[in-house]
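Scrolling down, you'll hit the structures one after another.
Heads up, the next two complexes both have subunit A, just with different partners, subunit B and then subunit C.
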Partner chain A sequence: MTALLEIKGLHAEIAGGRKIIQGLDLTVNKGEIHAIMGPNGAGKSTLSYVLAGKPGYEITAGEVYLNGEDLLAMEADERAAKGVFLAFQYPLEIPGVATLTFLRAAFNAQRKARGEEELSSPDLIKRVREIAKTLNIDADMLKRPLNVGFSGGEKKRNETLQMALLQPSLCVLDETDSGLDIDALKVVANGVNALRSAERGMIVITHYQRLLDYIVPDIVHVFAAGRIVRTGGADLARELEATGYAQYQSEAA
Partner chain B sequence: MAAVQETIDRVKGIDVDQYRYGFETQIESEKAPKGLSEDTIRFISAKKNEPAWMLEWRLEAYRRWLTMTEPTWARVGYPKIDYQDLYYYSAPKPKKKVASLDEIDPEILKTYEKLGIPLREVELLEGVERPSAAVETEDGEAAAPRTKIAVDAVFDSVSVATTFKEELKKAGVIFMPISEALREHPDLVQKYLGTVVPTTDNYFATLNSAVFSDGSFVYIPPGVRCPMELSTYFRINERNTGQFERTLIIADKGAYVSYLEGCTAPQRDENQLHAAVVELVALDDAEIKYSTVQNWYPGNSEGVGGIYNFVTKRGDCRGANSKISWTQVETGSAITWKYPSCILRGDNSSGEFYSIAISNGFQQVDSGTKMIHLGKNTSSRIISKGIAAGKSQNTYRGLVSAHRKASGARNFTACDSLLIGDKCGAHTVPYIEAKNSSAVFEHEATTSKISEDVLFYCIQRGLSQEEAVGLVVNGFVKDVLQQLPMEFAVEAQKLISISLEGSVG
Partner chain C sequence: MGVAIRKTKAELGLADLYQGARRYLPGGEEITAVRAAAFDRFNAVGLPHRRVEAWRYTDLRTQMKEAKRLASLPDDAAKTKAREARDLFAGAGFRKLMVVDGAFVPELSDLADLEPGLAIQPMSDALAADKPLLSQRLGPVVPDDDPALALNTALAANGVVILVAPGTALSRPIHVAFVTTNWVATSMFTRSLVNIGAGASATVVESHQGPDGSEYQVNTAMQLVVGDEARIDHIKVVGEGNGALHIGSLLANIGARATFNQLGFVAGGSLIRNQLFVRLAGEGTVADIRGGALLSGTQHADTTLAIEHAAENGQSRETFKAVVGDTARAVFQGKITVAPGAQKTDAKMMSRALLLSDEAEADSKPELEIFADDVQCGHGTTTGAIDDELLFYLMARGIPPADAKALLIQAFIGEIIEGAANESVRDALTGAMLGWLGQRE
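The block that comes next holds the complex of A and B.
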């Protein structure tokens, strides 16, 4: 088994001092889906940002490897080209930039960075439309400025669309289920499941067992106060649904 | 927050020296003696075989200019210009008359080739390949109608070639260098020249009236829709030559024309002065669409060199139901001082001003428009997008006024500014005067900083920092880009990204 992602003893703080990630160890092997659950403010989104290379965080200790390469040494766009994808908890709006324009720019930027040939516009449009159909995304939506005026659920579906197009090797989904109605949840889960493969690994951050009924994880972690406090199988999620996080919060503190 | 700091650091690492168009063509040129005097003006007029009245007109302007002082109200600063230290006329040699493109100095053709200007008709007719990063109809399917473009190229001071003459002639359209029009259609020129921007108008316009060397002349006869986009490319090549072009466009009753002007200048240390005048006249039911893409040398990373672009552009909606629309994409020049305006004289006439002004490095932009409502039920619309990066200053200055008799005047103004980094400045200076109580003027203005979170979102998807800024800025200016003819919108889009290169990383 090859480790896709290896996080060792990671400590990270917000530039300016506040410690958020405090001694995190996590290994995601190819083909695995890991769920991360934990109370609000535990640092789950922060972890996703640190992995993606968002500026504004200071790594004070620890190492992160993607396929054995030092991830923390890479610029954010380089990480994206290497296959790190973050489905944002709060996707951002870009006025005046059509969704399709954005998708093409992203797709071709990654190809260029990998020294691959860019895809012609007609081919790309075809590909995007096919994926959009499976996610119940209206073709008209692709013409609208990215995420501008999209409903919460539409934004999340759009994140899934981007992920399916870019075919990343490590997918980090930050509360992709929040804001989705039950039908949309199934559609998105199907989209994610379609991406499950022996080569790909996923980290699914969620508060709800419900999502994990559709996207069945191999491993579930409880994340509190900046580190993993418990790890188990799919049933751990069900247990948490019943007990909540109170015990872990006191444990972590 | 550090995220912002990072962009600032990148902005500091600015390198406007990457100016793409900085090459110089080695050709001999014929110059007037340095300095400005009545003799200089006589020299220019004689070189052009102008009619006597034209020389008188110039001399009168010159005498007037001697009594005027340089304006200081704009938010721009520069060392005093020594008007005696400039050349006022420079024509490429050899001066033999060119009958076809083949006779043009190949060096000049090469220059245009480097600029990517389609001088050769054949190239145009074959349809030059569209850049792949085309502006798409929003769903990404770029329909590519082949637009024909007639080019009147102004190389320093003389128009070297005018293409598509024949086809235009058939339609009755006159499109030629103004120096030629002065010889071939003196009555038309005399009838309209200086009627929109009088010789007494302002310091730089008056100077232009005295010494203008060339420019374009367009006349569209009544009821004619000009069969192609008309385009002029200006290029300043000679050292220390001020470029003073004069453009005059007349759309007679019911006529329509779309005109595009694009400008580049080679890279130089000295500041070069450019003081152009553009006059537009739209008679009853006529429409003129005037688009500018300006990417003159902005100076280097220390703020040395670059063009002083002091331009007077004004359109007169002289007839009822006439319409004049200005669209500008301003990315170059060290200093831009420019207010393309509309005089809404005819009843029901309308004026538009769409502007993208980008400043980076040490550039200073003071630009905007004036909408002067004189006739009844006139309307105007102003959409201005200013983007400031580096240590630049970017000012929108606009006037909307309704005359006492201008009942039913309407204006809508939206000025948006985007800041990249925290060493630059954006300013909005709107002047509003309504002397008629029925006037309805609306004004909206926003200033925002480029969002680090949005940039990170783009970068997380694989875009470089520069690509991310380019994409976000292109989205910000989209409403204005859409006003440009398709071909030029593609150019402009690329230009916007290029001019922001070095504003990050």
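The block that comes next holds the complex of A and C.
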């Protein structure tokens, strides 16, 4: 097995000095899906931001490698070009930027950064339309400003669309299931499963077992107070559903 | 006033310009008298400075160091330069009229096959014939206390007159291109008139450009007289050279149940003052007034709007946006006046500035003066930097920071550009915006 992502002894704090990630070790191999579950405020989203390269966090210790390359030394856009994709827990609205314009800019920027040829607009539109169809995204939505006025579920589907278009090697899904009705959950899960491959790794952050019924993880981690406190197989998620996090929170404190 | 203020070099220079030119400026008895009165008004107060409320943020007395000599009539070389000058609207099929170094040049203008109901003539002819264009047409909309406009009235030698007969729907937009060709700094005073008869409609674009590295001075005024149930789409693009002083005045008098769409776009010049005096004279008129400015370096752009709702049931939207980089400064002053009796007025004004650097500055002064009781009026102002969260979202998708910022700037100013009903105009303005963004990189 080849390691796709290696996180070693990571400590991160937010500006102001509050420690959020406190000694995290995690290795995601190619082909694996890891689920991360844990109480509110544990630092799951913070971890996803640190991986994606959001400014405003100070890494006080530790290392992160993607395919052996130092991820922490890269800007967010470079990380994306190297294959990191974060499906946001709260996707942002950008008035004035049409969804399709945004998709084209992102897709071609990544290609350019990798020294690949850019895709012509008609080809790209065709590709986007095909993916949109599988995710039940209305073609009209692609013309609207990015996420503006989209429902919660539409925003999450739009994140999945971006992921499917950009074909990243590391997918970090931060509560992609929240805000989805049951049918939409299946559609999104199918979209994610379609991306499962021997070359790709995923970190699926969720509070609910239900998502993991559709996207079956190889490994489940319990994340509390900034680090992984327990690791198990897919059945750990079911166990958590029954017991909750009380024991881990006291353990971590 | 008891205190005698010493005249500045520029004020003395302007007085010389007037004294030297007044005998040659076009105009019969009436126009000559109007000019003299206007010059006296200017001379009494001098160049506006920061203690003049309407010019609070743009101290012309300090910033205008001298008056440049009046531009001479364009010779063949100038005409060739003008013909070859970059045209934002090239290929759009607009009827192009050229004002070169302040003079309307018929042989460079497309005057062929004028649509029935359309008449075009040089302002110099209209003035020489003593047509009362400068004095009476606009009535109460002409502010007689604005020194910059008074100077224009005193010294304007040329420009265009566009007359659209009642009921004429002009489908082909008219583009008036004001081009300064001379690299040696001169000054140009132009006055134009667009008269849209009742029930008629037209799109008139004016563009202003000139060479970089020259401190030329433009004082230009546009009078719009729009009849009842008429429609005017007026777009003004300031793309002057990077040393230019541009003072523009728009004087608009709009009739009843008319549609007034006005869009100003600043993407050039050094010191720019765009002043708009708008009077919605008739009831039930709808006005959409937008302004966009893309500023960098040490540019200073001041947009000052005074709009009067003089009759009932009028609706107006005023939307102004400025992107300000480096040490540039954007100024917006907007005053909405609702006259007594102008009930059911619905007016909303918004100004926003996007600051791209810590040294960039934006000033905004909205004002409402309401003399009617049954109205809906409001205004808002925001000033801020590029949103870091949005920037991160774009970067997290692989878009490099410079491109991500450009995309957000485009999105910001896009709301102004979208206001143009004509697609070729939107394309041209988008092109100007992309050009500006390209230069920043």
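As a convention for this text, the second predicted complex is superposed on the first by the 253 of 253 C-alpha atoms of A that agree within 3 Å, B and C clash if a C-alpha of one lies under 4 Å from a C-alpha of the other, contacts with A are read in each partner's own complex, and residues count from 1 in each chain.
In this section, a residue touches a chain if its C-beta (ideal position, glycine included) is under 8 Å from a C-beta of that chain, and two chains touch if they have at least 3 such contacts.
Model, not experiment: these values are computed from the prediction.
**Q** Tell me which partner A:86 touches in the superposition: subunit B (first), subunit C (second), both or neither.
**A** In the superposed model, A:86 contacts both subunit B and subunit C.
**Q** Just checking: does A:72 make contact with subunit B only, subunit C only, both, or neither of them? Give me first, second, both or neither.
**A** A:72: touches no partner chain.
**Q** Going by the contact rule set out at the top, does A:216 touch subunit B (first), subunit C (second), both, or neither?
**A** In the superposition, A:216 contacts neither subunit B nor subunit C.
**Q** Using the superposition on chain A described above, determine whether A:142 touches subunit B (first), subunit C (second), both, or neither.
**A** The first partner, subunit B, only.
**Q** Which chain, subunit B or subunit C, is in touch with more residues of subunit A?
**A** It is B that touches the greater number of subunit A residues.
**Q** After superposition on the shared chain, which partner residues are touched by A:3: those of subunit B (first), subunit C (second), both, or neither?
**A** neither
**Q** When the two structures are overlaid on chain A, which partner does A:15 contact: first (subunit B), second (subunit C), both, or neither?
**A** In the superposed model, A:15 contacts subunit B only, not subunit C.
**Q** What residues on subunit A does subunit C touch that subunit B touches too?
**A** Residues 52-56, 76-77, 80-81, 85-86, 88, 91-92, 94-97, 101-102, 105-107, 109-110, 113, 145, 162, 166 of subunit A touch both subunit B and subunit C.
**Q** Would you mind writing out the residues of subunit A in touch with subunit C in their complex?
**A** Interface residues on the subunit A side: 52-56, 75-77, 79-81, 85-86, 88, 91-92, 94-97, 101-102, 105-107, 109-110, 113, 145, 162, 166.
**Q** Give the list of subunit A residues in touch with subunit B in this complex.
**A** Per the touch definition, subunit A meets subunit B at residues 15-16, 52-56, 76-77, 80-81, 85-86, 88, 91-98, 100-102, 104-107, 109-110, 113, 118, 120-122, 124-125, 139, 142-145, 162, 166.
**Q** Please output the residues of subunit B touching subunit A within their complex, sorted ascending.
**A** Residues in contact with subunit A: 1-3, 6, 132, 134, 136, 138-142, 451-454, 456-465, 467, 471-472, 474-479.
**Q** Enumerate the contact residues on subunit C facing subunit A in the complex.
**A** The touching residues are 388-390, 392-401, 403-404, 407-408, 410-412, 414-415.
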